[in-house]
């Protein structure tokens, strides 16, 4: 039984459900999962406190999920967990590529998600409902374009190594459009292309969100920009949905599930048996 | 500063983001949030272990989120937390209505979500990607139909009471279509009606999921039923999306946000100031 | 030449076109059809009067179509027709399941349509145009989900038996989701699942319609509920449309037509010959 | 109490529901409706027989609905009903305009529906399900573009005159795009234009249907043409649906309903009272 | 190297891009293209002046594109070009069929485009943005329904003959629905039918445009008619888009490209090589 | 009467219709337009030859439209036209920003279109039909997001100055998202945001097109990337379409038309008079 503890500091799209990806049917006998989170906040004190709770949980692997892993809060949290001596994987968004080298030097794994764009963080626009819808959209994009499959596949490999008592080889992956799509299982070339377009649209959201949130100061300019960011993410989600619909029509949705043993098995026709 | 700890045992739609609803911009000075979760698993041992971690975190309020709160795992978890003597709110799905009275006797609050239907839990159909898409859909339904607004409004009231040192009045709410829609902020009567239809469709999913998961044994019968459950949830999400689009066209999307003080303020025209 | 007389008392979705299903190209040499109807009204006097006209038409088979066949009007009408001594089939909506046993005892056949939900019968909402649109939607659902195919197949069998001078075996069918879909001819499993979801959504409409029409008294509560019922039926129709579109894309729409002799022959590729 | 008897010979789109338009809630105390039909068949013998049944029903007004009222069947049926000396209105499709003058000479009213296009009557394409879908589409077009409103308004006026014991002024109306749209109640100019486009598309279907059914002999040529006719009708229905959706978003759907007295009253905001 | 000069007088849909169709990748070594145009104007003086410029350009083939080639402007322009003694092809819209015989007598080729309907030329409705959108729509219809493929295939044959020094056989083609669709490469029969419906809808636009522009004088009548014309063209474009989407889902989009030599080669699976 | 000559070298989206924007109804008495083009080719010899024809046409203003105005062909063409001593405006796509300063030094005006992205120029993907569809999409984006309105407004100002015999002030505009949207006339803030998202998606296409066309060499990698570029442009067009539809529903489409005098007048309600 491998014990994994997720530490979540603030929110990116992948914060949702990342722990659920490993055992979506709650049936694995080889895995136990714990999650500790500081909610939306990611300042240093909040992050440290959450990290200490996580550090106190007996774990074979830590996975730290946060926006921009280079910020003080996540950085401080990692330092607490490093002291446990356990392997650690950082899952974060595009700005984290700037510290990838440093993470590597520290012996940490990382999965950097280029399409997991920042929400438009302007009070005038955002509210809990809008925030939830943005997350709904981004989950869809991450699911269809292969990002979630890539994440759980990478983690599954580490779990398997830990399960066998091996030294784990931690993932060092920049999840750009081609890395993601390779895991999407989309067989129709137009579905594949549409999902890639969805990925790129979702990635482009970050440019708008950061411009609207940090760089433009006039209210009547930043509100349209932030609104455009969310419109673009919604559209990215719809494109991903369409890509999957195309596969449904061909009865070629690739499905990969965890069996009780933790093994992954797949099928593509809905009514056939798993391989 | 009020301290809230969420204990999440297994997954319902509201498990995602429920903690984020309270402080979507990470700016509240009156609130600190912790989350502890056992991932997808909800057997008694997993639930107990997670509950103990949660119980060890100094908290003014516990919120326990799980499917069917009457199952042994969530029940055991509540017992651990009851020992802390802190107020507790149970957030769960429709089957929990069967224990509402008992929760009330124990002095616990509850928010029972009728539209938060169970996923179709058949291996032949479900995989991490499908699971994520189902959650994406249900988040959309909960967001647009008023469920998420109701949840954070109810919790916000308790937080406010706790912040003033008052004895909190814990919510006792069955979130059926009318209770939800009242919080949706949908002003156009057809948008309102479409969202209500979306709510009912989402609620209907549970009947199909449980039939396909538990009652039908033949593989060639339960697969179509479970697939229909997911198709219906996807459609419910699309209806909710349409309802919101109708409001956008009228520039009448009601937005309610938390200010730094924790106060809620609202507006409906995108470019106007908050009241 | 078999003579069939339809007696229509009030309206359900299947009231439209049910006689046309048997001879859609007006080419059958083995069949003559008459229809008598009392329009929308179904009180006892109207029903009796129409039934007497029907009884006066020389017929080999009577088919009585009405909402809730247990109401006084349809019941009185059946009694008139029973006196003719001719075989009779009752086609009606879900509430009719409550008298199925009684119909059986009387030697009558029945086809009870679970998805043929009642319209939202509130003056504040309904008008002739809205009513026509509701019927348009329900016809689509009945057509795609297999209900209309099941109806004409069942009746065709009786006609064939009558044509051969045999004692007819009258249908006794509850048309729930699986019975209907079996006749849908939908080959793609996702199209099949979507149509099943459409069926369930359509069936759910009845719960909303009856709540809004009979149980809720406050105008500002029942109008949204009735409006939601109609929104849900519109969406069910769109889902059915999508299911058929999926089959079109695969050129796998199953077509079954009556030849002049009354025989049914089928094909699935649009440009191929009938088997 | 005015007694109206509908005689239906064969099928056009308006055959469906035309009697229901007059009393959509079955609540009028001033009206009694009977319908007699020969199903899909419209040869002379079938038409005559049905007409005789209709003639035997005591009626204040006859309304005869059929395709091409100039064909022998409908013509023979009218002659039977003329002998009753009762007023008569012919409701039929575009080819009937060729006999309008003659109907007028006979003292008959007429309502000629230009958008009620013939179905593509080729066995290779048509089956009961396809036929039902075509009717579903055409009902939608007739409902939204104002045709059904025009029909019941014209008949309602005659009923009112008959109710007062006046000599009725029978309608003599060619329902082209402008006549129809005037009754559509569509207030948004783009919704109005879209519905007009829908009307024209629906009308265009007849050209394709008749070409594919009667003029082109080669199977591999007529099948695509007939299929195109049905595709065009489906699209016309979708355009009509969109036009109505536009009005919903503005909460400006005009509703006109029959009160118990038979009087028509209207409203446009869903939640307001009738005028 | 064959030299082709296009003379464009006023605008039809095919005016856009017709020269680009011949060498879409600017890679042909056997072809040089020049275009001269008088913009939107097509009066005699403007047309003559543009024609003189075109006549002064050394050319092996002239292609004259204009609305209604029977109008004085295009007619005058042709006369100038006839004097060059070079072969000429007229590409124009449906009214040009009235002079087809005359063009033939003059030894000119022609391609008459029945779906290239006139825009609704009423100031109250049209502006540069609306005009551009109408053109965007019509380009889509011409592209998907096979019209553009037919045009370049016909011209390519002439170019090939000129390239070999042969006497060119100039095209004499009326591009009605069947002629167009034959070149569409649409393999799915429903995509084919939908595109044919799109073609017919687009063609129908001309009837509305000319009625609204020339025949109806009252502003409150012609504006809806012209608006309906544009709505119908937009819908025709959407239907064409859907037809192509159907082929994408089957990975059966036929592609035909010019190689450097000017030869045409094709493929249908996106990722396969050209034949 | 001002004489404008357009020289078009190769194709960008704005190449289509740019001359038509100035006189969409062919009614201006103050303007005469000529166009000369080299078709798709833009090498130096083709460009020079076309430029010489343009230079020989008496003109008050030259407008040169091409991709990347810094390439040798367009550069050589400008040099020919500079010799005429007439004012010149360069209209081109984003790469042209690199020579904006140089154009300014030469006294030339420029309008640089950031959303007018390069097509995916890979033979394996592009054919005349695909090329036309890409152009259809980009025209839609340029039309709705304000780019075409900005172009003609800028040119109209120069025409007006030339008409009065003034020294023209040539435009120097980088058309980024905010510059474009300012001219879009979109009043609904969500329509505005959606159009901005459409603009950004369209702009992003260039990154994919150039990567797929120039930087990636492996066929199985560049085909999906180029296909994704086209999928993204199609989606951008659909988003623009939706933005305009939102305004239609509010009857708030701003229309600006040229009157005979060349003056621009506007209105927003479809049925009202121009201001």
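We just call them A, B, C, D, E and F in the order they show up, numbering each chain from 1.
Note that a contact is a pair of C-beta atoms (placed from the backbone, for glycine too) under 8 Å apart; a residue touches a chain by one contact, two chains touch by 3 or more.
Since this is a predicted model, take the numbers as computed values, not measurements.
Each chain gets a centre from the mean of its Cα atoms; for chain D and chain F, those two points are 49 Å apart. Computed from the mean C-alpha positions, the centre of chain A lies at a distance of 57 Å from the centre of chain D. Once the centre of each chain is set as its mean CA position, chain A and chain B turn out to be 21 Å apart. Counting only residues that touch two or more partner chains, chain B has 189-190, 223, 227, 249-250, 270-271. Chain contacts in this assembly follow no simple pattern; the graph is neither a line, a ring, a star nor complete. Checking each pair of chains for touch leaves A-B, A-C, A-E, A-F, B-C, B-D, B-F, C-D, C-E, D-E, D-F, E-F. Only residues 248-251, 253, 269-271 of chain B touch chain F when the two sit together in their complex.
Within the complex formed with chain D, the chain E residues making contact are 177-178, 181, 189-190, 192-194, 196-197, 200-201, 204, 207-208, 221, 223-225, 227-232, 235, 239.
Residues 8, 10-11, 16-17, 19-27, 32-42, 46, 49-50, 53, 56-57, 121, 123-133, 135-137, 139-140, 142-144, 148-149, 152, 185, 220, 223, 227, 237, 241, 244, 255-259, 270-271, 273-274 of chain D are the ones that touch chain C when the two sit in their complex.
Residues 188-191, 246, 249-250 of chain D are the ones that touch chain F when the two sit in their complex.
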